[in-house]
Each structure stands twice: as C-alpha cells, then as structure tokens.
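Pasting the structures in now, so scroll down.
In the two assemblies presented below, chain A is common to both, partnered first by chain B and then by chain C.
What follows is the complex of A and B.
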C-alpha cells in the first residue's frame, strides 16, 4: 500500500484543490481546503452535517462560486474558464447526488434522462444514441424495459443507478458522489456501493466520495479526508486512518462506529464530543475544535488551541493532521 | 464494461384511476367547451337569425317557439346574438390570457433564472403595472389605442401580464434549486435548455390554474369595457354588452341578462373544469394515460 501511495502522490494529480474557500454571506462554509486526487484514486470526504463537505463538492463542480483558492482539473484552473470553455470541461467531471429521485427530472423518461448529457454535448445520431443509452443501462445493471418509465415508477436504488449511468454517459475522469447511498435502504446501499466500486475499477474513474460517516467510505476509498467546520482536520491513507487516527475529532468519529465483535464491542470506549458544533458564521478563534476537544481537556486546556489555527501538516508518509498536540 | 447483475423487481402498473379527462367532471368540461367552441365556429350556420336583424313585431318578447330565448329591446333574436357573442368572449378570454401568459411567463422565467440586475429591472416594471387596478389600466390603454377587438385583447393582456410574471418568477426560484436542475447545469446544459426543458414544465401547473381564473376575469373585463362603451362596438354582439343592455329592462325582460349571464357562467365553468382536468392529465404521477 505505501508503495502505490508514493506513485500516486508523484503522478500528476487529476484534481488539485488549493486553499478553496466558499462563503455564504458571513458564513464560511469552506475555509481553506486543499487536497489532490490522482487518476483512478478515490478520496473519501467525511464530516457531519454543516461541515462543508457537500459545498466542497459543489465548488469543485463550479456549481457554487468559490470566494478563494483554485480548483484545477487536469491542470486547467476551472475558476478562470469562461462559460463555453467551462461547459466543455464539465464533460470530464460529473456528479451523483444524495436524493436519486430529486436529481432526475420527474417529467422525463429514463431513456431521455440517460440521453440528455449526450444531446447536450452534441450527439445527434439517433441510432448511436439509442445504442449508448442501452449500453449505459446495462453498465449500471438496469433492465432494458425500464427505458420507458418515469422516475417515480422505479425504486430508489434503480433511480440511483440511472443517476450513475447519466454521470457516466460522457465518460468523465472524475465523479463527485455526494452521499450517493445515504437516502437508500441499507440493503440497497451495499448494491450501489458495489456498483460504484466495480465501475471505478473497470473504468479507471477518480472519485470524490462524500459521506457523513466513516463506515460507508471505508471500502471504497484509497484515502480519507475528515472535515470539521469548513476545514480538513485529517487526511490519510484509508488503512492508516482507521488504525491510527491522530486528530481528536477523527478519534471520536471512529469511536462511534460499532464493532462487529461482541468482546471488542464491549471494550470499545466512546469519545463523546461535548455540545454542538460552533456556528460557521462565528467560528472559534484558533482550532475549530477547541471548544469541544477531548484531547485538549486531557492536556489541561492549553491556551495554544484558542490562539493559533493548526495547519494541516504531514506527520507520517501521506498522513496529514491539523492539531497542535496530536501524536501517535 | 462491467455487467452488474441485479435484482430488478417487476414493475406493477398502478390501477388506472378515473382522473383527468376521463373523470365525470372532465367529461362535463369537454362537453361544455366543445359545445361553446362549436357554437363560436359554426354560429353562421346554426344561428336561427341574423344577430343584427330587427323584428319590428317582437320587442322584448319572452322565450317562444320563434325566438327560443326571446328578443331584446331592438327586436333582435337573443339566441342568435348570444351565439355570435361567444366569438367575442372566447377571442377576448383566450386571446388576452394567452397574450398575458406568453409575456408574463417569458419575463418571469428571465427574471427568476437570471436574478441580479435583469431580475430587478423586470420586476420593477411589473410591479409598476401591478400597482394599477386592472380595469383602470385596461381603460387607459383602450382610451389611448381606441376601441376594437384587438385593442381589448392587448389592453386586458397587458393588465393581466404582471400576475403571470410574478407567479412564474416565484415558481422558478423554487424549481431552480432542485437537484435535477443542478444536475443539468453540471452536465453542461446551456441556460435556454435548462429553462425550457427542466424549469418550464414544472411551473406550468400553477400557471395554467391562474390562466383558468383569468379567462373568466378577462371575459368580465371585456363586459365592463363594453358597458362603458369602450369595448366591442355595437351592433357587434358581446355578452358583456348584452348583459348590460338587459339591466335597463330587468323587470320587463329579465331573460336578456339571465341568459347572457348564464352564457358567461357556462363558459367560465367549462374552461375552469377543463383546465383542471388537463392539469391532472399532464401530471405524470396522476396515473392518467398521457
């Protein structure tokens, strides 16, 4: 694993996000987020509601205007593109939303939904289009006879397959999956996760997989970034973050995941964060977690935490953490 | 390419409910509207008399075998006049509302989708128009342009347009935030495609409901304008003018106002029910066959 990681970090990244910031009025939804995604890599982006994880996804896709920083896809700064050039770049990055039905136009048949990206990007040939739509339906495991249905006539899992198929229609290099299984039944979640994992492997896709808990992203991610209050607090290879989480926030998140082993489950110690996350329009000075941090309490409330915002620094190969006191 | 075999449950079609145009009210609406449309188109063939021909032996006569709905104060056959009057009513009702809907929806779509400066500019103008009572505004425009059928249509259309613009804009503001619109944007769709394919179909329901109300309203404003002598000029038959002329003879010949009022009622009712049925029919979730 470490060897492949080195290779990935050295290779030209597909997506490079530098110091990204998004403000909604006074609210700093995203505040200085940087990361890269290599070709074929999946980055899991985890955080609780309001941490800014979805906004990061939308800012990368240029669906919300960023107030600072850059997003580079294949070396092109997306923020600097004009309308028409951005439109062509959109072919390379596609999105899958949380609510599959909400992301499909209820007045369009499945076949029309799958054909739309092709129409938008200039495919006119009717036969080629029908062939492509049929291929896409097979690719995501949908029966041919679904083509004529409307979104309300299929199940949530099937609708999410349609949304995935639509995202793949333009053969993008990057998929932003914004909590793609959160609104599905648990039994369907696994199917859709497996589908995404299969597609990623067979098509060589890069993926930004956004989720609100660490359990979901575990199997699909190569690396995992944890967000809190608009910032990335920890970013590490998947196996490392589960084995040796460094940031107190990540530790508390992991301690909330049940273990499927009764003996270990009983021994599991939960680290409970006190209180609610602070409001992003009035974040605490210094470290965003300082008001709720268990580690800080253990250390006797050092003043450092409230004075200076910890930078995301590399403590071990590929393991970045933003905490003044985090040690293995 | 991977082939992912999955469990796909068979789709069970839901039972066809009698909704939309197949419901009893929908059928009633169709009958009424087809009847009135038929009368408007074919009144030259089916009207028993020339609507402007006077019978000097029958002033203010009650319903009889010769004159089914009686005659007016000039001895003209009321049935024939009402039949010809349907032309004016339908032309004004649908013409004015069509004009108002086209202009209002276009402006509302532009304002709601663009937001920013264009939105502000459009909505200021719309609010200014809305500040006038619609009858007053129509009166003013009629006074400026002179009487006539096309002027009525334009005058009522302009007076009604702000309602459509405001409604459309508010609908666009909510629909544009829905995921499928964002998805279209992420796919690289241009603004015209997003507006026409993904926003317009979803705002039509409320717009059609408003249009329904406004068709009746437009027919009534036309009656008011005719009442004031600015509408369709005599001797052309207009329901509003006939209704008004009946006021003067309400005790002698109540049927003049009664039957012209009934004609207005039937038309408004028919159009309202039809639009209602159509809206149900167009909603893919209703289960009615499209």
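What follows is the complex of A and C.
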C-alpha cells in the first residue's frame, strides 16, 4: 500500500456515529447523537442513570436496533449489514460490561471463557488456542494458575480482567467499556484503569469509555462527551471540559463529585440540580435541562429554553456545547 | 482515666463499641476483630474501608441485624448511653431499633417493601413504638415526607416504591429512619447507588437534618470524598480491624499509615492534576478466614520492614499528631525496629523497597 494512502486512512475516524436515535416505544432513549472516535483515541461518554449512555454503546455494537442515524466502523455502515458480514465486523469491536461476574458464565473455567471467542470465530488448533489463552492471561495480568478456576473462585477485579481479556481475544480495534470499574473498590479501580490505559497504549486501541460521573473517565479520556436525557449536551477535549465546562449540566456534574479534602470540600460551591431528571417518555419541550437548569433560573427563566432545542455548536476549537446561553 | 479518648469525643459517648468482635460460621471468619469506636451525642463519625473490611458487619452488629444462626457478636461491649446492648433480650433490642438507633441502607429498592405504600412504611416504625390516632399518624407521615423533601406528600404517601425514582426512594428511607426521632443514625453507603447529582442532594439533606435534629451519625462509606465533607472524626478499617483513627481534618492533613495513604492516592480528585497512571494499592485484602499473623496490611505494603510480618502492631497514638490520632502500624511507633514512617511525607515517592517483595497477585 502506498504511504499516502495509509496517511489518508489514519485521518479517517475509526468510528463515526451520525444522528443516532434509539426508541423503546415512546421513550426516546437516544435522540440525535453524533460523534467520532479516531484510531487510538478514547472518548469518555458520561451521563447519569437514564441518560442513554449505555444505549449508545449497545446501538454501536448492534445489540439494540437503532431507529435512526448511522453507525460506521472503518467506513462501513453497520446498520446495513447482517448475518455473516455483521459477524465479521463484530470482531473489530468488543465490549466490557460493568458487572464482571454477571458477564462471565459461572459454569465455565477462566481458560474456556477466554477461548470462547476464538472458537466462535473459527480457531480450531488446540495448541494455538492454549498459547493464545495464556498470552491473553498474561496481557491482562492474571496468573497462569487461574486458568482452571471458575468465576466464583476469583475476585471482582480479577473477573474484570478476564472480561477484558475476552474482549481482546479477537484483537479488536474498538472497545466499548460500559462502566468497567464502577462495581470495584477504589484501590482495585485504579489497578483496572491502569491496565486499560496500558493496553490502549500498547495495542493502539480506540475506546468508548462509558461512565456515570466525571471522576473516573478523567485520566483515560482524550475527549469527553456529556449526555443528558438522550442527547449530548457538551463535547470537548479532556482538559478543556474540566477547566472550562460551559454547559450548566456539566458544571453541576463537576461540582457534585466530592473531593477527598475537608478544607476544599467545605469551601466548594455546589450547583445542586433541583428534583429528578424528567422521564424520557415525556421530555420537556426545548432544552432537556430547562426544568432543572440553574443558569436558566439565574437569567430569569427565558422562554427560549422551553421553545427551542439548542443544537450542539462548536464554540471554540473542538469544544461543542448545546445551550442557548452558555458563554465562557 | 480522664485524659485519653479522642479529642472531640466526650468522656461518656453516646455509643461506645468496646473491643467488639463479630464472627461468622462458628467463629471461622472474624469479620470484626476488637474494634473500639466512640460516637458523641450529635457527632458525625466516618467508618471507611473497602468491601469486606468489616465496616457493615460492625454496623449491623450494633442493631443485631445479622442472622443469629451463624453469627456470634462478642466478646466485647456495645455501650449505648452507658448500657450494654449485648445484654438486652430480643424484646429489649426491639425497643432500641428505630427509636434510639436507626439504620439507612445502601439500596433503597431492596430495603423497601414493594407491596406496601410508602406512607405505611414510614409509619411502620411509629406503629411499633408509639400509639397514635389516625389523624396524628397521618400528620406525622406528611411532616416526615415534607422534611425529606418529597413533593406533594398527601398524594405520594399512597404510592408504592416503584413509583419513585432512586433519589426519592432514598429520601423515603431517610424519612423512615427519622420517624421515631432516634439519637443515632447508621448510614451504610447511602449514596453509593445514587447518581452524583442525587448524591449531592441526599448528602445536603443529611447535613441539614443532622444540624436541625441534633442527630449523631455514623457514615459508613468507601468514599473519602464523602468522609471529607460529612464527618468530624473518622475510623479507617482494614481486614476487620481499625487501622487508623483521627479527627477528619487531621486524618487528611497528616495521614499516618500506608493503607490510608493508599486509599487517599486512589481516591478520585477532580481538582488534582491529570496523571497518566493512577496509583493503586497492589494485591488484594487477605482472607478473613486466614489473616496474616503480623500486620494484616503487610503483604500489600510497599513500606514494610521485617517487624511487620513477625508481629501484629497495636493501634497506638501517632507521635506526630497527638493521642487522638492513632495508627496500627509499626512504622509510626517508637519501638525497637519500628518508627521509620514517623513524619514521613506520604506524597513523597517511596524509596523503601518492600521486604516481602511482591504484593501478591493482582486483584
């Protein structure tokens, strides 16, 4: 392949999500979401319960049917594929779920769990298989003597390592990690986050890292997208979003995470969102945050917020925000 | 003795766990091993540690909530206003639960009864302890629902738990806990299952209720951010034991021992600079069925010395910060072969090489 062509390919995003929509009956779980992930890039997708963040992940993996928009992996529209061709594309994208135990078959040994994707995708040679399983275990930091254990005989952190190893078995280009450390203790979280960061660097993986708050994704993400009620309300490079969050929802999310320091914690100003998020089967007209927005209250409840849904607009290089009034 | 005892903890605390032990499976697993914990009236105390460290087992022991068929609480004493709760009959304990000491659990969905209206659940504790007329009962339910910020209580009291959001359910749990005006609330990971914005609301609510009702609280949590914002004093637990205790400000300013350092290093801090790699605590906690004979943290401790594996350290005052700050670590104690961590800056890179070498397998 000529070098120029290679360079051009590099510039293409690995994953391109355009105007994605997912409906469950009347519920608009995902409502017009667009973003790209470059090769080797990690996008943190942050949102609270019911924001639609996991549904975005599942729609990318073609685990739920989208009702609108497209998902392109390496230039191929996944929605147009089925059967064998979809299965081939699936090798390129793998998933790690939140609950490692719930995602491992309790009656399979660790070695069999790691071998399963290889078997499904046609590897038959026993020796090659055993070698590959051992390589995978080392890659994710599991001791060889764990191969014969069952999921209930290992810790939660180790189970998550198995799930990560299984996801890597087919050498995917993209990992969708759906809250992969949320169920682990903090000290173990750091171990697994380091593992993911190392793997990303050594294997050149792209990652969609889904999380419920802005603390976990901070160290691993290149860019961060914040979702609220099925929509992306802010998307920006990592350092910008923590230093200069623009959307009132992002601001309150940031202010809600407690910091481990009593003096700073006492001095902090919280932007507390009133009430609960509205139900996605009956979202407010206009901006999804309008019913709870601190900025809107501050501005004397402008009618604009309830009339028109703000579009995700670029305000500075790579910094996108969906708000009629957010300014730096 | 009148001199000792933690700084802000009064001589006669509201609650005093005195060398409390709790074991399961005919004593094979000692989940709580000789903990000493005091809570003064109106004081807020944090009990912090990771899964399986015994923090919830200790809290449940206070209210005798474990299955009695496989649990042994004792030896030790649970002194509440000077009275040993372990000496009470089951009937006697029933008068304590809810009325004197109440507990709020982590998961409001499993702790609430799905087939009972929330109004009736809020009143259940009242019904057990007080005789109220129907009008007074309803007035009290409405008052409690208003207190915890549930909108339109008159209609909502007739709803069932599934008709409420997670945050609202946790408010209902708090209303139930407050219903009989207890003096002490045990809050067991109450915000863990909630989204951060709801967590902020619930913590704010607990703070204001605590101040207005003179409530003492034990915040049981793994989250040092919650400890920092919500407590006066803190106890750190590891593998069934208290390994460090101090006034909250002091613990964060001058943490004494390596396990606490590890917890602080791995606690997410949105205001700290971004780092490429986080600093985990390597390895994992020991099995409580067969804990290490020396210091229980020694197999994972990057600062360990020879003495750590040979002998178990006591919980002793930290020479740097005074008697109210104690740590279970030879490195902080002026004994032969110990004391090498006195005044050590925990943020400094560790020049010590661990004696025991490898931190065991990855978790």
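Going forward, the second predicted complex is superposed on the first by the 310 of 328 C-alpha atoms of A that agree within 3 Å, B and C clash if a C-alpha of one lies under 4 Å from a C-alpha of the other, contacts with A are read in each partner's own complex, and residues count from 1 in each chain.
Going forward, contacts are C-beta pairs under 8 Å (C-beta built on N, C-alpha and C of every residue); 3 or more make two chains touch, one makes a residue touch a chain.
Model, not experiment: these values are computed from the prediction.
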item: First, second, both or neither for A:143, with chain B first and chain C second; value: both
item: Touching partner for A:155 - first (chain B), second (chain C), both, neither; value: both
item: First, second, both or neither for A:248, with chain B first and chain C second; value: neither
item: Partner chain(s) touched by A:63 [first = chain B, second = chain C, both, neither]; value: first
item: Chain B versus chain C as contact partner of A:105, first or second or both or neither; value: first
item: Partner chain in contact with A:165 - chain B first, chain C second, else both or neither; value: neither
item: Touched partner set for A:191, first chain B, second chain C, both or neither; value: both
item: Which superposed partner A:117 touches (first chain B, second chain C, both, neither); value: first
item: Which of chain B and chain C A:91 touches, first, second, both or neither; value: first
item: Chain C-contacting residues of chain A that also contact chain B; value: 141-143, 155, 158, 161, 191, 194
item: Residues on chain A engaged by chain C in the complex (per definition of touch); value: 48-49, 141-143, 155-158, 161, 185-191, 193-194, 197, 212-216, 218-219, 238-239, 242, 252-266, 270, 272-273, 275-276
item: Residue ranges of chain A touching chain B (in the complex, touch as defined); value: 61, 63, 87-88, 90-91, 93-95, 97, 99, 102-107, 116-117, 120-121, 135, 138-143, 145-146, 149-150, 152-155, 158, 161, 163, 166, 170, 191, 194-195, 198-199, 202
item: Complex contact set, residues of chain C against chain A; value: 50-51, 151, 165-168, 195-201, 203-204, 222-229, 248-249, 252, 262-271, 274-282, 284, 361-363
item: Contact set on chain B toward chain A in their complex; value: 1-6, 8-9, 11, 178-180, 182-190, 193, 197-198, 201-202, 284-285
